[in-house]
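In the two assemblies presented below, chain A is common to both, partnered first by chain B and then by chain C.
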Partner chain A sequence: MIQGEAIKELIPQREPVMMIDTFYGATATEGKSGLTVTSSNVFCENGKLREMGIIEHIAQTSAAFNGVKNKQANGEDSAPKLGYIGEIKKCQITRLPKVGERMETQVVVTAEALNVTLMEATTNIGAETIATCQIKLFEEE
Partner chain B sequence: MLKDEFFKITGSAKNESGVVTYSVTLNPNHPIFSGHFPGNPISPGVCNIGMIKACAEHELGYGLLLGNIKQCKFKHLITPTEHPDLDIVLDMEEMENGNVKLNAKITKGDIVFMELKGEASCES
Partner chain C sequence: MSKEEIIERVVALLSEEFEVEADVITPEANIKKTLELDSLSLVDLVAAIDGEFGIKTNGQEMNQVQTFAELYDFIEKKQA
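After this line comes the complex of A and B, so read on.
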(Lines of atoms letter the chains of each structure in order from A and count residues from 1; the text may use other names and numbers.)
(Lines give C-alpha, C1' and ligand atoms only; values in the text may rest on other atoms or scores of the structure.)
Protein backbone atom coordinates (compact mmCIF):
# COMPACT_ATOMS: atom_id res chain seq x y z
CA MET A 1 0.00 0.00 0.00
CA ILE A 2 1.39 3.38 -1.03
CA GLN A 3 0.20 6.57 0.63
CA GLY A 4 0.94 10.25 1.10
CA GLU A 5 4.09 11.70 -0.45
CA ALA A 6 5.05 8.28 -1.88
CA ILE A 7 2.12 8.60 -4.32
CA LYS A 8 4.29 11.15 -6.14
CA GLU A 9 6.61 8.29 -7.06
CA LEU A 10 3.77 6.75 -9.09
CA ILE A 11 2.01 9.66 -10.82
CA PRO A 12 3.25 12.92 -12.39
CA GLN A 13 0.36 15.07 -11.11
CA ARG A 14 1.04 17.40 -8.17
CA GLU A 15 -1.09 19.50 -5.82
CA PRO A 16 -3.74 20.69 -6.20
CA VAL A 17 -4.56 18.13 -8.89
CA MET A 18 -3.63 14.93 -7.00
CA MET A 19 -6.84 12.85 -6.89
CA ILE A 20 -5.61 9.67 -5.18
CA ASP A 21 -4.35 9.48 -1.62
CA THR A 22 -3.70 5.72 -1.52
CA PHE A 23 -2.66 3.10 -4.07
CA TYR A 24 -3.51 -0.34 -2.73
CA GLY A 25 -1.43 -2.34 -5.20
CA ALA A 26 -1.43 -3.90 -8.63
CA THR A 27 -1.61 -7.35 -10.15
CA ALA A 28 -0.56 -7.92 -13.78
CA THR A 29 -3.83 -6.45 -15.03
CA GLU A 30 -5.55 -4.71 -12.10
CA GLY A 31 -4.93 -1.81 -9.78
CA LYS A 32 -6.85 -0.11 -7.00
CA SER A 33 -6.69 3.31 -5.38
CA GLY A 34 -8.65 5.46 -2.97
CA LEU A 35 -9.42 9.09 -2.16
CA THR A 36 -11.16 10.63 0.79
CA VAL A 37 -12.92 13.81 -0.36
CA THR A 38 -11.85 16.94 1.51
CA SER A 39 -13.47 20.38 1.34
CA SER A 40 -10.18 21.82 0.05
CA ASN A 41 -10.25 19.55 -3.02
CA VAL A 42 -9.95 21.75 -6.13
CA PHE A 43 -12.85 19.86 -7.77
CA CYS A 44 -15.16 20.18 -4.76
CA GLU A 45 -18.18 22.46 -4.83
CA ASN A 46 -20.90 22.88 -2.23
CA GLY A 47 -19.63 19.90 -0.26
CA LYS A 48 -19.50 17.48 -3.18
CA LEU A 49 -16.75 16.25 -5.46
CA ARG A 50 -17.80 17.12 -9.01
CA GLU A 51 -17.65 14.84 -12.06
CA MET A 52 -14.21 16.19 -13.00
CA GLY A 53 -12.77 15.01 -9.69
CA ILE A 54 -14.20 11.51 -10.09
CA ILE A 55 -12.91 11.14 -13.65
CA GLU A 56 -9.48 12.53 -12.69
CA HIS A 57 -9.42 10.05 -9.79
CA ILE A 58 -10.08 7.25 -12.29
CA ALA A 59 -7.41 8.58 -14.66
CA GLN A 60 -4.84 8.80 -11.85
CA THR A 61 -5.68 5.26 -10.70
CA SER A 62 -4.76 4.16 -14.23
CA ALA A 63 -1.64 6.36 -14.13
CA ALA A 64 -0.55 4.88 -10.78
CA PHE A 65 -1.03 1.37 -12.16
CA ASN A 66 1.23 2.33 -15.08
CA GLY A 67 3.66 3.89 -12.59
CA VAL A 68 3.99 0.58 -10.74
CA LYS A 69 4.48 -1.31 -14.01
CA ASN A 70 7.10 1.23 -15.08
CA LYS A 71 9.08 0.67 -11.87
CA GLN A 72 8.84 -3.10 -12.26
CA ALA A 73 10.14 -2.86 -15.84
CA ASN A 74 12.72 -0.08 -15.50
CA GLY A 75 13.76 0.00 -11.85
CA GLU A 76 12.53 1.56 -8.62
CA ASP A 77 14.16 4.90 -9.43
CA SER A 78 12.13 5.35 -12.62
CA ALA A 79 10.16 8.57 -12.46
CA PRO A 80 6.49 8.47 -13.47
CA LYS A 81 5.93 9.34 -17.12
CA LEU A 82 3.66 12.18 -18.19
CA GLY A 83 0.34 10.80 -19.33
CA TYR A 84 -2.86 12.11 -20.83
CA ILE A 85 -6.41 10.91 -21.25
CA GLY A 86 -6.92 9.97 -24.89
CA GLU A 87 -10.52 8.89 -24.76
CA ILE A 88 -13.35 8.28 -22.32
CA LYS A 89 -16.27 6.04 -23.20
CA LYS A 90 -19.42 4.85 -21.48
CA CYS A 91 -18.74 6.96 -18.42
CA GLN A 92 -21.71 6.75 -16.05
CA ILE A 93 -21.77 8.72 -12.81
CA THR A 94 -24.78 8.03 -10.63
CA ARG A 95 -23.92 10.24 -7.68
CA LEU A 96 -21.26 12.61 -6.39
CA PRO A 97 -19.18 11.81 -3.27
CA LYS A 98 -19.72 14.15 -0.33
CA VAL A 99 -16.93 15.71 1.70
CA GLY A 100 -15.68 13.06 4.15
CA GLU A 101 -16.72 10.13 2.00
CA ARG A 102 -14.10 7.76 0.66
CA MET A 103 -14.21 6.44 -2.88
CA GLU A 104 -12.16 3.56 -4.18
CA THR A 105 -11.52 2.74 -7.80
CA GLN A 106 -10.56 -0.55 -9.38
CA VAL A 107 -9.08 -0.48 -12.88
CA VAL A 108 -8.74 -3.52 -15.13
CA VAL A 109 -6.56 -3.45 -18.25
CA THR A 110 -8.51 -4.60 -21.29
CA ALA A 111 -5.92 -3.77 -23.98
CA GLU A 112 -2.35 -2.51 -24.21
CA ALA A 113 -0.24 -1.33 -27.13
CA LEU A 114 3.05 0.58 -27.00
CA ASN A 115 2.29 3.70 -24.95
CA VAL A 116 -1.51 3.26 -24.89
CA THR A 117 -3.46 1.50 -22.15
CA LEU A 118 -7.19 0.80 -22.31
CA MET A 119 -8.84 0.23 -18.95
CA GLU A 120 -12.24 -0.32 -17.40
CA ALA A 121 -12.82 1.44 -14.12
CA THR A 122 -15.35 0.97 -11.33
CA THR A 123 -15.62 3.51 -8.53
CA ASN A 124 -17.31 2.58 -5.27
CA ILE A 125 -18.22 4.27 -2.02
CA GLY A 126 -18.39 1.30 0.32
CA ALA A 127 -20.46 -1.31 -1.54
CA GLU A 128 -22.21 1.28 -3.72
CA THR A 129 -20.94 1.76 -7.29
CA ILE A 130 -21.09 5.46 -8.13
CA ALA A 131 -19.18 5.49 -11.43
CA THR A 132 -18.09 3.20 -14.25
CA CYS A 133 -15.96 4.21 -17.18
CA GLN A 134 -13.74 3.06 -20.04
CA ILE A 135 -10.58 5.11 -20.30
CA LYS A 136 -7.72 5.22 -22.78
CA LEU A 137 -4.48 6.59 -21.40
CA PHE A 138 -1.50 7.84 -23.43
CA GLU A 139 1.96 7.98 -21.93
CA GLU A 140 4.94 9.94 -23.15
CA GLU A 141 8.05 7.93 -23.92
CA MET B 1 -15.76 26.28 -9.69
CA LEU B 2 -13.83 26.50 -12.98
CA LYS B 3 -15.77 29.40 -14.48
CA ASP B 4 -14.29 32.82 -13.70
CA GLU B 5 -11.30 31.13 -12.03
CA PHE B 6 -9.75 28.57 -14.36
CA PHE B 7 -11.25 30.25 -17.42
CA LYS B 8 -13.53 33.13 -18.28
CA ILE B 9 -16.21 33.53 -20.89
CA THR B 10 -15.48 36.42 -23.25
CA GLY B 11 -18.47 36.09 -25.59
CA SER B 12 -21.04 33.82 -27.18
CA ALA B 13 -22.98 33.55 -30.42
CA LYS B 14 -25.84 31.31 -31.54
CA ASN B 15 -26.32 30.27 -35.17
CA GLU B 16 -29.65 29.70 -36.97
CA SER B 17 -29.70 25.98 -36.08
CA GLY B 18 -29.29 26.72 -32.38
CA VAL B 19 -25.62 25.79 -32.02
CA VAL B 20 -23.94 28.10 -29.52
CA THR B 21 -20.25 28.98 -29.62
CA TYR B 22 -18.66 30.33 -26.44
CA SER B 23 -15.36 32.17 -26.64
CA VAL B 24 -13.27 31.49 -23.55
CA THR B 25 -9.83 32.44 -22.23
CA LEU B 26 -7.74 30.31 -19.87
CA ASN B 27 -6.19 31.78 -16.73
CA PRO B 28 -2.51 30.71 -16.96
CA ASN B 29 -2.00 31.59 -13.27
CA HIS B 30 -4.59 29.13 -11.94
CA PRO B 31 -3.05 26.69 -9.41
CA ILE B 32 -4.28 23.69 -11.44
CA PHE B 33 -1.58 24.47 -14.01
CA SER B 34 1.16 24.30 -11.38
CA GLY B 35 0.19 20.69 -10.57
CA HIS B 36 -0.61 19.56 -14.10
CA PHE B 37 2.29 19.52 -14.66
CA PRO B 38 5.06 21.34 -12.76
CA GLY B 39 6.87 23.56 -15.29
CA ASN B 40 4.74 22.10 -18.09
CA PRO B 41 1.21 23.55 -17.87
CA ILE B 42 -1.39 21.47 -19.70
CA SER B 43 -5.13 21.74 -19.17
CA PRO B 44 -6.28 18.44 -17.60
CA GLY B 45 -8.72 16.59 -19.86
CA VAL B 46 -11.26 16.72 -17.04
CA CYS B 47 -11.01 20.53 -16.96
CA ASN B 48 -11.75 20.60 -20.68
CA ILE B 49 -14.88 18.57 -19.91
CA GLY B 50 -15.58 20.96 -17.03
CA MET B 51 -15.36 24.02 -19.29
CA ILE B 52 -17.88 22.46 -21.68
CA LYS B 53 -20.21 21.71 -18.77
CA ALA B 54 -19.85 25.21 -17.32
CA CYS B 55 -20.68 26.84 -20.66
CA ALA B 56 -23.68 24.52 -21.09
CA GLU B 57 -24.92 25.49 -17.61
CA HIS B 58 -24.39 29.16 -18.42
CA GLU B 59 -26.40 28.81 -21.61
CA LEU B 60 -29.24 26.81 -20.02
CA GLY B 61 -29.38 28.83 -16.82
CA TYR B 62 -29.31 25.81 -14.48
CA GLY B 63 -26.87 23.31 -13.02
CA LEU B 64 -26.15 19.94 -14.62
CA LEU B 65 -24.92 16.56 -13.52
CA LEU B 66 -22.93 15.19 -16.45
CA GLY B 67 -23.78 11.62 -15.55
CA ASN B 68 -23.40 10.01 -18.96
CA ILE B 69 -20.42 10.62 -21.21
CA LYS B 70 -21.00 8.32 -24.15
CA GLN B 71 -17.74 9.26 -25.79
CA CYS B 72 -15.12 11.93 -25.28
CA LYS B 73 -12.06 12.10 -27.52
CA PHE B 74 -9.05 14.24 -26.66
CA LYS B 75 -7.27 15.00 -29.91
CA HIS B 76 -4.91 17.83 -29.10
CA LEU B 77 -3.41 19.08 -25.83
CA ILE B 78 -4.54 22.48 -24.58
CA THR B 79 -1.86 24.63 -22.97
CA PRO B 80 -2.49 28.12 -21.56
CA THR B 81 0.65 29.42 -23.28
CA GLU B 82 0.00 28.12 -26.80
CA HIS B 83 -3.80 28.09 -26.80
CA PRO B 84 -5.18 30.51 -24.18
CA ASP B 85 -8.18 31.43 -26.35
CA LEU B 86 -10.61 28.67 -27.26
CA ASP B 87 -14.03 28.21 -28.83
CA ILE B 88 -16.48 25.90 -27.08
CA VAL B 89 -19.19 24.75 -29.48
CA LEU B 90 -22.40 23.41 -27.92
CA ASP B 91 -25.19 21.55 -29.70
CA MET B 92 -27.79 20.85 -27.01
CA GLU B 93 -31.25 19.38 -26.93
CA GLU B 94 -33.51 19.57 -23.89
CA MET B 95 -35.46 16.31 -23.89
CA GLU B 96 -38.94 15.47 -22.57
CA ASN B 97 -37.56 13.63 -19.53
CA GLY B 98 -35.77 16.81 -18.49
CA ASN B 99 -32.32 15.60 -19.51
CA VAL B 100 -30.07 17.48 -21.88
CA LYS B 101 -28.42 15.78 -24.83
CA LEU B 102 -25.04 17.38 -25.34
CA ASN B 103 -22.76 17.31 -28.37
CA ALA B 104 -19.80 19.59 -27.83
CA LYS B 105 -16.33 20.32 -29.05
CA ILE B 106 -13.45 22.62 -28.20
CA THR B 107 -11.82 24.20 -31.23
CA LYS B 108 -9.70 27.12 -32.37
CA GLY B 109 -9.24 27.82 -36.06
CA ASP B 110 -8.53 24.50 -37.75
CA ILE B 111 -7.65 22.65 -34.54
CA VAL B 112 -10.22 20.39 -32.85
CA PHE B 113 -8.95 19.82 -29.30
CA MET B 114 -11.69 17.54 -28.11
CA GLU B 115 -15.16 16.20 -28.86
CA LEU B 116 -17.77 15.08 -26.37
CA LYS B 117 -21.09 13.26 -26.71
CA GLY B 118 -23.13 12.81 -23.61
CA GLU B 119 -26.28 13.35 -21.63
CA ALA B 120 -26.68 15.47 -18.53
CA SER B 121 -29.45 15.72 -15.99
CA CYS B 122 -30.80 18.87 -14.42
CA GLU B 123 -29.44 19.51 -10.94
CA SER B 124 -31.80 21.50 -8.76
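After this line comes the complex of A and C, so read on.
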Protein backbone atom coordinates (compact mmCIF):
# COMPACT_ATOMS: atom_id res chain seq x y z
CA MET A 1 0.00 0.00 0.00
CA ILE A 2 1.34 3.42 -0.96
CA GLN A 3 0.23 6.57 0.87
CA GLY A 4 1.20 10.15 1.61
CA GLU A 5 4.30 11.61 -0.02
CA ALA A 6 5.09 8.31 -1.77
CA ILE A 7 2.05 8.82 -4.00
CA LYS A 8 3.97 11.68 -5.64
CA GLU A 9 6.43 9.17 -7.07
CA LEU A 10 3.58 7.62 -9.07
CA ILE A 11 1.72 10.61 -10.46
CA PRO A 12 2.76 14.09 -11.60
CA GLN A 13 -0.11 15.95 -9.94
CA ARG A 14 0.49 17.90 -6.76
CA GLU A 15 -1.75 19.58 -4.19
CA PRO A 16 -4.39 20.85 -4.53
CA VAL A 17 -5.26 18.52 -7.42
CA MET A 18 -3.92 15.24 -6.04
CA MET A 19 -7.00 13.06 -6.24
CA ILE A 20 -5.76 9.80 -4.74
CA ASP A 21 -4.57 9.41 -1.16
CA THR A 22 -3.87 5.68 -1.24
CA PHE A 23 -2.72 3.22 -3.87
CA TYR A 24 -3.56 -0.26 -2.68
CA GLY A 25 -1.52 -2.28 -5.15
CA ALA A 26 -1.33 -3.64 -8.65
CA THR A 27 -1.01 -6.84 -10.62
CA ALA A 28 -0.03 -6.93 -14.29
CA THR A 29 -3.59 -6.12 -15.29
CA GLU A 30 -5.30 -4.43 -12.31
CA GLY A 31 -4.74 -1.59 -9.90
CA LYS A 32 -6.73 0.06 -7.12
CA SER A 33 -6.65 3.42 -5.38
CA GLY A 34 -8.74 5.37 -2.90
CA LEU A 35 -9.63 8.90 -1.86
CA THR A 36 -11.56 10.26 1.09
CA VAL A 37 -13.45 13.37 0.01
CA THR A 38 -12.65 16.40 2.17
CA SER A 39 -14.36 19.79 2.25
CA SER A 40 -11.11 21.43 1.11
CA ASN A 41 -11.06 19.40 -2.12
CA VAL A 42 -10.95 21.85 -5.05
CA PHE A 43 -13.54 19.80 -6.93
CA CYS A 44 -16.08 19.97 -4.08
CA GLU A 45 -19.20 22.08 -4.31
CA ASN A 46 -22.04 22.21 -1.79
CA GLY A 47 -20.58 19.29 0.14
CA LYS A 48 -20.25 16.98 -2.84
CA LEU A 49 -17.41 16.04 -5.16
CA ARG A 50 -18.30 17.18 -8.68
CA GLU A 51 -18.10 14.99 -11.78
CA MET A 52 -14.72 16.45 -12.82
CA GLY A 53 -13.27 15.38 -9.49
CA ILE A 54 -14.43 11.79 -9.98
CA ILE A 55 -12.98 11.71 -13.50
CA GLU A 56 -9.70 13.21 -12.29
CA HIS A 57 -9.59 10.57 -9.53
CA ILE A 58 -10.06 7.81 -12.14
CA ALA A 59 -7.43 9.34 -14.43
CA GLN A 60 -4.91 9.56 -11.59
CA THR A 61 -5.66 5.97 -10.59
CA SER A 62 -4.80 4.80 -14.11
CA ALA A 63 -1.63 6.93 -14.10
CA ALA A 64 -0.58 5.56 -10.70
CA PHE A 65 -1.26 2.02 -11.90
CA ASN A 66 1.02 2.55 -14.88
CA GLY A 67 3.64 4.07 -12.58
CA VAL A 68 3.62 0.99 -10.34
CA LYS A 69 3.66 -1.35 -13.32
CA ASN A 70 6.72 0.42 -14.72
CA LYS A 71 8.51 0.15 -11.40
CA GLN A 72 7.65 -3.55 -11.20
CA ALA A 73 8.96 -4.09 -14.74
CA ASN A 74 12.01 -1.82 -14.73
CA GLY A 75 13.04 -1.54 -11.08
CA GLU A 76 12.20 0.76 -8.19
CA ASP A 77 14.68 3.43 -9.30
CA SER A 78 13.45 3.62 -12.87
CA ALA A 79 12.40 7.06 -14.05
CA PRO A 80 8.63 7.41 -14.48
CA LYS A 81 7.40 7.50 -18.07
CA LEU A 82 5.30 10.39 -19.20
CA GLY A 83 1.71 9.38 -19.86
CA TYR A 84 -1.28 11.16 -21.30
CA ILE A 85 -4.98 10.45 -21.08
CA GLY A 86 -5.89 9.76 -24.69
CA GLU A 87 -9.62 9.36 -24.23
CA ILE A 88 -12.33 8.82 -21.65
CA LYS A 89 -15.59 7.34 -22.89
CA LYS A 90 -18.66 5.38 -21.85
CA CYS A 91 -18.56 7.37 -18.61
CA GLN A 92 -21.49 6.87 -16.26
CA ILE A 93 -21.75 8.62 -12.91
CA THR A 94 -24.75 7.64 -10.86
CA ARG A 95 -24.16 9.82 -7.82
CA LEU A 96 -21.69 12.30 -6.38
CA PRO A 97 -19.66 11.40 -3.27
CA LYS A 98 -20.35 13.50 -0.19
CA VAL A 99 -17.67 15.06 2.00
CA GLY A 100 -16.40 12.37 4.35
CA GLU A 101 -17.16 9.48 2.03
CA ARG A 102 -14.38 7.29 0.73
CA MET A 103 -14.32 6.23 -2.88
CA GLU A 104 -12.17 3.45 -4.27
CA THR A 105 -11.42 2.92 -7.92
CA GLN A 106 -10.26 -0.22 -9.65
CA VAL A 107 -8.78 -0.13 -13.14
CA VAL A 108 -8.52 -3.28 -15.25
CA VAL A 109 -6.54 -3.48 -18.49
CA THR A 110 -8.72 -4.72 -21.32
CA ALA A 111 -6.32 -4.25 -24.24
CA GLU A 112 -2.89 -2.93 -25.10
CA ALA A 113 -1.63 -1.83 -28.48
CA LEU A 114 1.85 -0.44 -29.00
CA ASN A 115 2.14 2.20 -26.24
CA VAL A 116 -1.58 2.68 -25.63
CA THR A 117 -3.44 0.94 -22.80
CA LEU A 118 -7.20 0.64 -22.63
CA MET A 119 -8.69 0.21 -19.16
CA GLU A 120 -12.10 -0.23 -17.59
CA ALA A 121 -12.52 1.79 -14.41
CA THR A 122 -15.06 1.21 -11.65
CA THR A 123 -15.48 3.56 -8.72
CA ASN A 124 -17.21 2.36 -5.57
CA ILE A 125 -18.28 3.82 -2.26
CA GLY A 126 -18.43 0.71 -0.12
CA ALA A 127 -20.35 -1.83 -2.17
CA GLU A 128 -22.11 0.81 -4.27
CA THR A 129 -20.77 1.51 -7.74
CA ILE A 130 -21.04 5.24 -8.39
CA ALA A 131 -19.04 5.57 -11.62
CA THR A 132 -17.73 3.51 -14.51
CA CYS A 133 -15.81 4.48 -17.62
CA GLN A 134 -13.32 3.39 -20.21
CA ILE A 135 -10.00 5.21 -20.15
CA LYS A 136 -7.20 5.19 -22.68
CA LEU A 137 -3.66 5.98 -21.55
CA PHE A 138 -0.90 6.89 -24.00
CA GLU A 139 2.64 6.48 -22.73
CA GLU A 140 5.74 8.08 -24.21
CA GLU A 141 8.64 5.76 -25.06
CA MET B 1 -15.85 -21.43 -36.26
CA SER B 2 -16.09 -21.22 -40.05
CA LYS B 3 -14.51 -18.42 -42.08
CA GLU B 4 -17.98 -17.25 -43.12
CA GLU B 5 -19.02 -16.96 -39.50
CA ILE B 6 -15.86 -15.02 -38.65
CA ILE B 7 -16.53 -12.60 -41.51
CA GLU B 8 -20.15 -12.11 -40.46
CA ARG B 9 -19.25 -11.43 -36.85
CA VAL B 10 -16.35 -9.09 -37.70
CA VAL B 11 -18.49 -7.01 -40.06
CA ALA B 12 -21.30 -6.71 -37.51
CA LEU B 13 -18.90 -5.92 -34.68
CA LEU B 14 -16.74 -3.34 -36.43
CA SER B 15 -19.54 -1.54 -38.23
CA GLU B 16 -21.20 -0.95 -34.86
CA GLU B 17 -18.05 -0.24 -32.85
CA PHE B 18 -16.54 2.16 -35.38
CA GLU B 19 -19.82 3.49 -36.77
CA VAL B 20 -19.21 2.66 -40.44
CA GLU B 21 -21.57 1.13 -42.98
CA ALA B 22 -21.23 -2.65 -43.17
CA ASP B 23 -20.79 -2.58 -46.95
CA VAL B 24 -17.50 -0.64 -46.73
CA ILE B 25 -15.95 -3.58 -44.86
CA THR B 26 -14.80 -5.59 -47.88
CA PRO B 27 -12.01 -8.19 -47.84
CA GLU B 28 -9.59 -6.04 -49.83
CA ALA B 29 -10.30 -2.78 -47.97
CA ASN B 30 -7.57 -1.30 -45.78
CA ILE B 31 -8.57 -1.57 -42.12
CA LYS B 32 -6.96 1.62 -40.87
CA LYS B 33 -8.36 3.77 -43.65
CA THR B 34 -11.83 2.22 -43.52
CA LEU B 35 -12.17 2.48 -39.74
CA GLU B 36 -10.17 5.73 -39.57
CA LEU B 37 -7.79 4.24 -37.04
CA ASP B 38 -4.91 6.22 -35.61
CA SER B 39 -2.26 5.29 -33.06
CA LEU B 40 -4.74 5.89 -30.23
CA SER B 41 -7.68 3.96 -31.67
CA LEU B 42 -5.79 0.84 -32.76
CA VAL B 43 -6.26 -0.39 -29.18
CA ASP B 44 -10.05 -0.21 -29.70
CA LEU B 45 -9.72 -2.69 -32.57
CA VAL B 46 -7.60 -5.00 -30.39
CA ALA B 47 -10.17 -4.79 -27.57
CA ALA B 48 -13.11 -5.41 -29.92
CA ILE B 49 -11.54 -8.45 -31.61
CA ASP B 50 -10.25 -9.91 -28.33
CA GLY B 51 -13.63 -9.47 -26.67
CA GLU B 52 -15.67 -10.89 -29.54
CA PHE B 53 -13.50 -13.91 -30.28
CA GLY B 54 -11.95 -14.61 -26.88
CA ILE B 55 -8.43 -14.38 -28.22
CA LYS B 56 -5.42 -12.45 -26.97
CA THR B 57 -3.66 -10.27 -29.49
CA ASN B 58 -1.16 -7.48 -29.13
CA GLY B 59 -0.77 -4.20 -30.91
CA GLN B 60 2.30 -5.26 -32.87
CA GLU B 61 0.51 -8.25 -34.37
CA MET B 62 -2.57 -6.20 -35.16
CA ASN B 63 -0.50 -3.36 -36.58
CA GLN B 64 0.78 -5.73 -39.27
CA VAL B 65 -2.70 -6.72 -40.39
CA GLN B 66 -3.51 -4.46 -43.32
CA THR B 67 -6.76 -5.64 -44.92
CA PHE B 68 -9.97 -7.22 -43.64
CA ALA B 69 -9.08 -10.43 -45.51
CA GLU B 70 -5.84 -10.55 -43.51
CA LEU B 71 -7.83 -9.90 -40.34
CA TYR B 72 -10.14 -12.86 -41.04
CA ASP B 73 -7.09 -15.10 -41.61
CA PHE B 74 -5.47 -13.74 -38.45
CA ILE B 75 -8.53 -14.56 -36.32
CA GLU B 76 -8.88 -18.00 -37.90
CA LYS B 77 -5.23 -18.82 -37.09
CA LYS B 78 -5.54 -17.50 -33.54
CA GLN B 79 -8.54 -19.73 -32.95
CA ALA B 80 -6.93 -22.83 -34.40
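The rule is simple: the second predicted complex is superposed on the first by the 140 of 141 C-alpha atoms of A that agree within 3 Å, B and C clash if a C-alpha of one lies under 4 Å from a C-alpha of the other, contacts with A are read in each partner's own complex, and residues count from 1 in each chain.
Throughout what follows, contacts are C-beta pairs under 8 Å (C-beta built on N, C-alpha and C of every residue); 3 or more make two chains touch, one makes a residue touch a chain.
Keep in mind it's a predicted model, so treat the numbers as computed, not measured.
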item: Winner by number of chain A residues touched, once chain B and chain C are compared; value: B
item: Chain B versus chain C as contact partner of A:86, first or second or both or neither; value: both
item: A:116 touches, of chain B and chain C: first, second, both or neither?; value: second
item: First, second, both or neither for A:108, with chain B first and chain C second; value: neither
item: Doubly contacted chain A residues - partners chain C and chain B; value: 86-87
item: Touching residues (chain side chain A, partner chain C) in the complex; value: 86-87, 110-114, 116-118, 136, 138
item: Chain B residues within the chain A interface of the complex; value: 1-2, 31-32, 34-38, 40, 42, 44-47, 49-50, 53, 65-74, 77, 118
item: In the complex, chain A residues that touch chain B; value: 12-18, 42-45, 50-53, 55-56, 59, 82, 84-94, 96, 133
item: Contact footprint of chain A on chain C as seen in their complex; value: 39-40, 42-47, 50-51, 58-60, 62-63
